[in-house]
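What follows is a pair of complexes built around chain A, which joins chain B in one and chain C in the other.
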Partner chain A sequence: MDIKELKGIRGIIAAIALVIIFAGVLSSFMQLEGNVTRGISEEYNKLAYRVAPNNLASWVYDYRGFDTLIETGVIYVGAVVSVLVLGRGLVGLKGVDDEERVVAEPMDLKTETMPVLLKYFALPVVILLVSYGLLVVTGASTSGGGGFQCGVIVASAYLLSVVIYGKRSPFNLKKKTLIAFGAFGWGLYTMLGLPGYLTTNYWQYNVGADLWSWVPSFPGSVPEVLRTVFGEPFKLALELKEGVFYATSGIIPLINIGEAFNVIGAICLIFFAFIYGWSDSEEGSGK
Partner chain B sequence: MIELTLQTLSFLAAALLVIIGMAGMLYLDNLIKKLIAFTLLSDGVNLALVSLGYVQGGIVPILEPGASLSDFPNEAALIFGPGIVLTNIVIGVSTTAILAALIVILYKRYGTLKASKVLKGEHE
Partner chain C sequence: MNETITNLWSIPLLIVIPILTAIVVNLLYNRGRAIRAVSIASAAVLLVISLVSPYGFQWFTGQPGVTYDGTYTFNANVFSWKLSLEYYYGPLQQIMISVMSFLLLFVVAISTKSLKKNFGPYIALMFLTYLSAAAIMMVNDFYHLWIAVEIGSLLVAGLVAASGGGAAQKAALKYTFFSALSGSGLAIALALILGITGYANITDAINSVRINDLSGMYNVLYVSFAFLMLSWIYAGGLAPIHPLKSDVYRSAYPHATVMLQTQSKLTLVAIGLVLLRMFGTLPFAREAMLSISILTMVIGIVMALIQTDFRWILAYLIVSHSGLVTVGISLGTFRGIVGGLFQAVNDVIYMSLLLVCCEMVLYFGRGTSIKFSGGLAKRAPLLTVFVILGTLAASGVPPFNGFQSELILIQAALEQGLPEVAAVILMVSVSTFIALFRAIYSIFLRPGDELQQGSERFKLPGTTLMFLVALVAITLVLGIYPQLALNFLTESALKVVFVPWVP
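Our next item is the complex of A and B:
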């Protein structure tokens, strides 16, 4: 149906139908207002500060981490499926000859005609975007979140550099690299959550192992720098002292990094598919 | 008469977004416009979920040292809605990517973006 066809009686009926649906949607939203218990469940408030540095992190440990595992799967599968649909023409419609199968054609990237100003200023912006993404993912050290945002920021840097510089982009990741990124992120996420699940049946449970004691030690022990950078994975320490709130966040920072890798892979793969099709040959041809 | 708080207004905006998205998906012919309408609809749902957790004069749901545990549940904003929204955004990205890819396929097959022609199997 086109909007032009909605004249006369059909248009009036359509408008009335929309008004009725609007009233229904609005009233159901308004009913939510009174029927939701305000604040946060008493249980979270009683337990949160013993489980994790803050309420949100305790929530991540509770169910949200497992939820995110499925979520990382969904985004990875979504990216790969869109690449397959776009690049290989696997979705054959009935009655379509092989000649009519879809062949991916690359986007027309005329980088020669790009203004010089853009060419000079895009690279610093790309570098800034990537470092901003890294800042975001490393900044969220005490609660969940940050991985997806970092992935999206870095993917936008990738898109910018490819659009400006084309195949000569300094940030030109190959198809296989992107798939590996996504799979690595998903795998890291799974591997970090599994120990807790296998020992206690709770996903992402911090089993309390001292990871650094397993590392075949350098002369002496693990360098202090490494400890500072990676914290104490699997070892959740919380101390509520008088006026001092000390916490290590367990495996949450590492999980954020895994999520970031997964999202960078998935979203760059989507961009890749829309720009080059499936192939990453020199000309970007889909043939 | 309903009191016009910030929450009521954001529910109103959310309902408007939902209805604009729904109307776009139903009545617009262009597939790209349908896709845009779909994202509007999902944004409306997200806005409704976020504004669900609004507490007038509330605080950020982080337990500060020395905070009173008895007042905290009543003052802190609800974090359940934003959590669901995070999931929704990720799912939205995946579905939008797949939909866009399918639209590209349809365009290459039929040479048109008009849903009415695609449904009839007409070529441009």
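Our next item is the complex of A and C:
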């Protein structure tokens, strides 16, 4: 839209609408001040010590873990839609003349003009970034990290590597690999709901932490073997003067690994499509 | 059927199967036969699950409800604040999702035959569109509703963009840009509702409003209502956003539009009912919803009447008939809501019939412009019969289904003392007939076109023929025996009117 189009009656209507929206939102937030109801968040906080030490991880991946599964889908779909817009998987009807197809051209990336210093400096940075990403995902339940953050960090390493080294990038992921990463990540996250579903009919019940078997109205039961397989590897001890308390984040760390794969695949795929364009004959950046 | 259970087995499957199918067919990418087999099998399983499933709740991740005395319960009949994300599968969800599953089955069966190579990602988007609409229908949670609407908007753009032409790309990008407002609107509404009530669960939020004294907080309630309504308008393509949505309907292939319009109608129903449940008692709330609905009906039908392309005519009719759905819901009475819900069911069926006929016109004719094509009836008489039957159903002519729902809507408007609304509904019916018959005459019946010169008859593909026959049969059955559908809808309408906190 040209800015000139906003002159005249359209602009006046848009301005009035914006003022009304702004006034409405501002007055609502002012009215809310001091009147915010804590509601269900208090209950979540009461449970905080019983799952992951990082309370946020418990909220995002356990109590509201199914929300996050669909949010993970938003990232996956975002990548698929981006590459569709750029040309991959465009469809046509057999026997019907199509309009001219949209073809995505690669970016004019001239890596040979990069300073030598940058080329020497970039490789260790890429290695450090990937390592940091791995550190972040492994500490998802105990620190302020997680799969999303790991995915974004590793994707930035990929982008840096491609911008500096171009097709000779040492961190060279082909498009099929990236698609597989995304699919594996979202698939893993989804399938981690299965053990809980099979034992309790609750999808994504955290069988490792198994918080609720003791409630009388809880349907189903988690077999010891599942509690051990998903709980023991991520068991943590909290040492206080009152004693040592054990907790496990159960499937949360595994979900984060799935999340990380999904985000790496999705974001790198978007970078890939923008930088290299897309054609079905091209087999990835390495060629 | 036991509605108190909180671990209903079918609900997760209705969400997880589309996800896994989408992942698999996306990976299969260009292996046509495998994609066809996987997608048809998955769609068939989804249809069976939706048909045989009992009713009940799913509290995802198995977190309990917290009762008044601080104890925990997994019984949906015990009053509690929910820690889990809650989905509900009841009669309304059953009929809506079953119809959508049926449509998905035939859409993937038709499209995997008729598309050229590399359609894995495209079929993946179809399944995810199903997922988003199913989630929107079942969820009883503001936060999750927001996520489902967000992913739904993105999927609409993807399905349109996949058809690859410049116009489709433009429509997709435009829609993506503006539909972001829908998600943002819901997010602001969610933030305000969370702030004022403390609960994302819709039932809990309504109960919180009932229990706590919120006098003096009307400003917050009205602003959250306004933003939720904004997202209703954007996600459902109501006026004044109709040009964007009709552009999307027109630009996608007609078989994809079958899924897109179904998703839109389900979204309109789901968010519309949430608006009524949460804000229905606010002064002027229903009047605001009704105004938008009437505007959508009128603008949609007027735009349909002036189009010269069958695809554009259908696109605007879908928009106009969305207004029919929402006008019933906006009336807020038992009969109005039943009429609106029944109209949604009928609408997706007869519009699907017309859209599949439109796709056949693309094959047999020379495009869908009513200026440059004609004489198709001689070469494709069966298709002509189907398109005429679809037109009669869409125009509310007895004994087809459209007649029954439009009659209920007119009765509901008259009961409310709104004869002018009844008149507009009647006008939409008549104008629908005029708009469609103008296109049918030009494309199928107009003599003297060179298409008539050939003697060979165009043969409808087997799957398409089966789909069209099934759709006509459903329009007739629901037209003759509407109780078949109404049995599924009355309970929901009663709950919204009398016990809005119950999903």
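Going forward, the second predicted complex is superposed on the first by the 173 of 287 C-alpha atoms of A that agree within 3 Å, B and C clash if a C-alpha of one lies under 4 Å from a C-alpha of the other, contacts with A are read in each partner's own complex, and residues count from 1 in each chain.
Criterion: contacts are C-beta pairs under 8 Å (C-beta built on N, C-alpha and C of every residue); 3 or more make two chains touch, one makes a residue touch a chain.
Bear in mind the structure is a predicted one, so any value in this text is a computation, not a measurement.
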For this session: Using the superposition on chain A described above, determine whether A:L32 touches chain B (first), chain C (second), both, or neither.
Result: both
Exercise. Should A:E71 be classified as contacting the first partner (chain B), the second (chain C), both, or neither?
Worked result: both
For this session: Would you check which partner chain A:P233 touches, where first means chain B only, second means chain C only, and both and neither mean what they say?
Result: neither
Exercise. If you stack the two complexes on chain A, which partner ends up touching A:D62: first (chain B), second (chain C), both, or neither?
Worked result: second
Exercise. Between chain B (first) and chain C (second), which, if any, makes contact with A:G265: first, second, both or neither?
Worked result: neither
Exercise. Which partner does A:G250 contact after superposing on A: first (chain B), second (chain C), both, neither?
Worked result: neither
Exercise. Which holds for A:G146: it touches chain B only (first), chain C only (second), both, or neither?
Worked result: neither
Exercise. Is A:G133 in contact with chain B, with chain C, with both, or with neither (first, second, both, neither)?
Worked result: neither
Exercise. Residues on chain A in contact with chain B in one complex and with chain C in the other?
Worked result: 25, 32, 36, 38-41, 64, 67, 71, 74, 77-78, 81, 83, 85, 89, 91, 93, 96, 100, 102
Exercise. In their complex, what parts of chain B are in touch with chain A?
Worked result: 2, 7-8, 11-12, 14-16, 18-19, 22-23, 26-29, 48, 52, 55, 61-63, 65-66, 69, 72-76, 78-79, 83, 86-87, 89-91, 93-95, 97-98, 100-102, 104-105, 108-109, 114, 116
Exercise. Any idea which chain A residues touch chain B in the complex?
Worked result: 1-3, 6, 14, 18, 21-22, 25-26, 29-30, 32-33, 36, 38-42, 45-46, 48-49, 54-56, 59, 64, 67-68, 71, 74-75, 77-79, 81-83, 85-86, 89, 91, 93, 96, 100, 102, 145, 148, 240, 243-245, 266-267, 270, 273-274
Exercise. Which of the residues in chain C end up touching chain A in this complex?
Worked result: 5-9, 11-12, 16, 19-20, 23, 26-27, 29-30, 58-64, 66, 72-75, 81-85, 114-116, 118-122, 124-125, 128, 131, 135, 143-144, 147-148, 150-151, 154-155, 157-158, 161-169, 172-173, 176, 188, 192, 194-201, 204, 208, 212, 216-217, 219-220, 222-224, 226, 253, 359, 362-363
Exercise. So in the complex, which bits of chain A are touching chain C?
Worked result: 24-25, 27-28, 31-32, 35-41, 43-44, 47, 62-67, 69-71, 73-74, 77-78, 80-81, 83-85, 88-96, 98-102, 179-180, 183, 186-187, 190, 193, 196-197, 200-206, 211-212, 215, 217-220, 280
